[in-house]
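The structures considered in this document are given below.
Shared between the two complexes below is subunit A, which has subunit B as its partner in the first and subunit C in the second.
Up next, the complex of A and B:
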C-alpha cells in the first residue's frame, strides 16, 4: 500500500482545518500537487507544503506526524482508505466520516467521531468532550461505525448518538450517553455524574456504577441478557475489552430516562454480580 | 448391480429445485433447543400439505453457536422464496418465540434475504430493542421469561428437494430395520434432512388420482396388497416397501446422502431380507435433478 506522509514542520500558533486531506481527495495527485493544497490556518489559507513536509504518493493511506492538538477535522467526511496520526489530533477528528479507518496514537480533542456514519475510529490516547456527538444544531450524533478509545473520554461522550458503537477502556466525564437516541456504548472505567441524562433509547454498558444517575432512571432488576455474549464475542480482537466476556451476562439494569420515554438502558456488570 | 445380494435397480430418483434456509435455535440447554426445533419442524413433511419441508439437521455444541448456548440447526425447504418466508415467520413465531429460553439466529449466508425477526419484533409492542453487532441486526423482544433474541433476517438459497430411494424387503419389519439403519447413518451428514416421520415414508405417491380433487394418490405399483390387481413393480418375494426422501442444499449433498443411506441398507443385504433398492420418479419430465442409483453407488 502506498503511503502519503505529512510531517508538521513547526508548532502552530493557530488551528488548521485538515479536511482536504482524506484518501479520496488526494487520490491521483503527485506530491507537488498535494503540497499546493490550500489549508485554512486561522483566517487565512496557506499551501500545505508550507506547513508540512510531504513525502510519498497519494494513496489509500495518509500518515500525519504531529504532536500538535491544533490539527482539526482530520478525516472529516472521508469515505474510504485509512489515516494514521502519529501523535495527537485536534477537534472534530473523523467528523461525518462514512467509511474507512482512522487511528490516532495520541490524544484527540473535542467531538471526535461526531456525526460519523460509518468506518472505524481507533484512539490509543484520550478523547475530549462530545466523543461521537452531534454537530452543533443537529439532533443526532454518531449514526454508524465504531469508535474505540483505549484511554478516557471527556464529558458528554455519546451525546445524541443514534447508531453504532463506542468502546471506552478508561473513564468518562459527566453526562455520558446524554440525549442518546440509540446505539451501544461500553465504558470499562468510571462514568461521572448525570450519566444517561435525557437518554431516549440505546444501551450503555458499564463495569462500575456511575457516580450518579438522574432520578428519572428506574431500577429494572438483575437480568441475564444473552445478547451480551454476542457483543463481547465481537471484542475478541480488542484485548482491552475482551475482559467483558468474563463478566458474564448477569447485569444490573436501569431504565431511563423516564422524562424522555424511558427506553434507554444502563447495564452494570460488576464482579460481584458475575 | 448387486451389492451384498441386494439388487440396485437401473432407475433414478427425480428431484426438484427448491428454496431453502437454515436457522440456529439455541436455549438454556439442549432439551429446550431440541424441543423448539422439533416443534418448529412438526407437520413439515411435504410441501403439498404442509407448505414447507423441514427437519433438524444437527445438534450444535455451545462453542459453535452465536450466543454460546447449546443449539440445533434447522433446515427448511419451500417451493418458492415467498412460501418459505411465510412458513419461516409463522413457525418461528409460534414455535420458537413461544418456547422457554430460546433464541434464533441465521445459519446460512447469501444475498437473498427473508425476514426472521424483522416482523416478529412487533410482538414487542414498541418495547423491542434493535442491536447491530458485527454488521448483523438483532432484535431483543421482551417476553415473560426475559428476552427473546432473534436475528433480523436469514438468507435463502437454491436447494434440492425430493431425492429418494425405496427399500424393498421381504417383510415390513425387515424394511423398517433397514431404513432405520439408513436414517441413523444419513443424519450424521451435513446439509440434508429427511423430512418424513423418523425420516421414513410408507405412503409413497404417484401423480394423479381417479378422484379429480386429488393431485397425488397411493403408489399402487409398490403396494404389496395390490399385487395381482394392478401393474405391480413388486416380485413375489417382496412383502413391504419403505421410502426415504432426502432434501439437501445441493445435488451433491443429496447424492452423498443417497449413497450413505443405500450403503447402510445394503450392509444388511439379502441375508436380512433386503431384496432390491429402487427410486421414485415421474418419467424424468418434471424434476430438474436425476439421481441414477447405479451412478450414485458406482
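Up next, the complex of A and C:
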C-alpha cells in the first residue's frame, strides 16, 4: 500500500483546517493535485504545497509529519482509510469521523474525537479538554467508535458522550464524564474534581477514587461485577488496559447524578479488598 | 454622474405605473426627470425585457438587537452548517436561521432589498441594536422601540395620566432610542408574566396595575396618531399561538378605536378551536375584519417548513412553547425589566397537522385580504422562516398550481381543513410591487423611497423576466442603492453602508423630569447615559441618522 505524505515545511503563523486531507477526499489524486488544494491561512488562501512537502499518491493511508499544535480538524468527518500523524495534532482531531483509523504519535489539542460516530482514534501522547465531547452548542458528544489514549486527558473528557468507548491510561482533568448520556469510559490514572457532574446514564470505570464526586452521587455499596472480566478481555491487544483484569471484579459503585435522573454509574475498582 | 435605465418594464404602484415600458434617469443618489438634450448620459443600461421596481422594503425582520444575538450564540450549529467564506469584496459570515450581520446584509441586497426594519428594539438595548444594524451592510435600517410592558407606562396609565403625558413619553422614547416606530408586544402580558400570570387576554386586568391590554393599545395608538408619527402602533397581539386567539386579535383591532393600527405576524393570531384537534383556521374571519376596517394593516408572518429559530419579546408565549424547542435548548431573559425576550429554536414540519395548517393559514390570509396596500410580505424573520424564503413565498402567491402541488404534500388532515385549495387568486407583479415596496414605504412614512418618481432615492431593483417568480426574485440582475450599483446578477458588486431611519415628533421636555425620577429610583443607569445622540450614531455606532418628517398638521 502506497502512502500520501504531508510534511509541514516550517512553523505556522496561523491555524490550518486539515479536513480536506482525508483518504476519501484525496482518493485518486496525484501529489501535485493535492498540492493545489486551497487552505485558509489566516485571511488568505494558499496552496497546500506552499505549507507542506507532499509525496506519494495513496487513497488508503495519509501520513502527516508535523510538530505543530496548529493543524486542526485532521481526519474530520472521515469515513474510511487511515491517517497517521507523526508528531502532534491540533484541535478537533477526528471530529465527526464515521469510520477508519487515526493514530497520533504525539499530543493532540482540544476536542479530539468530538461528535465522533465511529472508527478508531489512538493517541500515544496526551489529549486536551473535551476529548470525545460535543461540538460547542450541541447536545450530543461522541456517538460511536473508540478512543484510546496512552497519556492523559484534559478537563471534560467524555462530555455529553452517548455511545462508544474511551480508554485513558493516564490521568484526567476535572469534570470527567460530565453530562454523559451513555457509553463507557475507563480511566486508569487519577480523575480530578467534579467527576460525573450532570451524568445521566453510562459507565465510568476508575481504578482510583476521583478527587471529588458531586454530592448528588449516592454510594451504592460494593459489588462483584462479572462483566468486568468480559470487558477487560476485550483489551487484550491494549497492554496498558489489560492490567484492568488484574484488579478483579470487586468495585465500589456510585450512582448519579441525582440532579438529572441519577442512572449513571461510577465503578471504582478496589483491588486491596479483592 | 448621470445613469440611464433604458426600456425596462416598470412597476411603480405609488405612481400608478403598471408594467409600462419606460426609461429612468439617476443622478448621483437620486432619481431625476429626463435630462435635456445637451446633457451627457455617462452610463446606459439597456433593459429591454427586464422588470424594474423600486428597492424592496422589509418592515418586520429581526436583524438586530439582543434576542437575535442570543439566537446566534445559542445556535453555533447554524453558523457551522452555513459558512459563507470571505469573497473578493465581501467579508465572511454565515448562518441560516440567525445569519450574522454581514450575511444578512449581503443576502438582503442580493434579493433586491434596500431597507429593513427591526421591529423589537428594547429601549435599554437600543444602542446594541443600532450597532448590529450598523454592522449589517448594504441596507438602510430602522427600529421600532418596544413600549407597553415597561413599568413607567403601565404606572402612568394606572394613575390615570393625561393622554398628553403618554404622548410626551412616547415621543421622548422615539428620540432617545433613535427609532421610527413604536411596537407593543403582548400588551401588558410580558409584564404580567413577571407577576406569575401565564395568560392575559385583551380585557383581563393586569394583576398589579389593574389595567387591561385594551387600554394600553388604545393609549399608545392614540399617542402615535396625535404625535403625527406616520407608522401606526405596531402590535404583536395578545395570546400568540393559542388556539382560539382570533377573538383576541379582533378585540385588539377594536382597541384602536378606529385609529391606525398595524397587527404584525397575524398568521400566529388567526387560530380557531374547531375540529377534532381543537385547532383550526380563522383566517377568513380575520381577513374579513381587515377588509372591513380601513384603519387596520397587517403583515402575515408566513411559516415555511424547515429549521428556524423563534425570537420574540413575548416571554409569556416563548416560555409556554419551550417544550417544543428543536434542538432542545431555549432561553428567556430581560434587561432592566423593560419588556422581555425568549429564544426557542424550532423546526416546522409539513407532516405535522399544526405546522401544516399554520402554513395554509398564512397563505389564506395573503389571498383573502383584498387590499395589497394593507398586507405585507413577511415571515417575521426568523420566526416563521428565514427571510431568504421570500422568493419561494412570492411564487406561492403568484402561482396557484405550484401552491396546490405543495398543498398536496402537507399533512392531509390540515390540507382538507383549509380553504386554500379553493382560493383562485394569483398575485400580479404589480401587487407584489405594492406589498414589498410602495405600501411599506407609505405606512412607514418614507416618502423618499418605495417609488421611482423624480426626487426619490435611487434604490432600484432590476429583475430578469422569468417564468418562475422564485428564480426571478432570488437573483436580481441589478440592484442600485442610493444610485450605486451594488449587486450584479445576484452577487454583491459593491459593498456599501446604509443609514438609520428615524422620526422626531416634538414633545414637552418637562417629561424628562418625570422619566429622570423613574430612572433614579429604578434603573441601573442614569437618564443622561440612556439616550443616543446623532453624533454617537454617526461616530460611535457607525450609522448616520436620516430623519423622516412626521405627517403634517394636527389630526
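The rule is short, and it goes like this: the second predicted complex is superposed on the first by the 274 of 274 C-alpha atoms of A that agree within 3 Å, B and C clash if a C-alpha of one lies under 4 Å from a C-alpha of the other, contacts with A are read in each partner's own complex, and residues count from 1 in each chain.
In this section, a residue touches a chain if its C-beta (ideal position, glycine included) is under 8 Å from a C-beta of that chain, and two chains touch if they have at least 3 such contacts.
Nothing here was measured: the structure is a model prediction, and the numbers come from that model.
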| item | value |
| --- | --- |
| Of subunit C and subunit B, partner touching more subunit A residues | B |
| Subunit B versus subunit C as contact partner of A:135, first or second or both or neither | second |
| Partner chain(s) touched by A:263 [first = subunit B, second = subunit C, both, neither] | first |
| Contacts of A:203 with subunit B and subunit C, given as first, second, both or neither | first |
| Parts of subunit C lying in touch with subunit A, wherever the complex brings them together | 74-77, 80, 85-86, 327-329 |
| Subunit A to subunit C touching residues, read off their complex | 40, 43, 135-139 |
| Contact footprint of subunit A on subunit B as seen in their complex | 26, 66-69, 103, 127, 129-134, 138, 140, 146-147, 149 |
| Of subunit A, residues touching subunit B in the complex | 163-165, 182, 184, 201, 203, 223-227, 229-231, 233-234, 263, 265 |
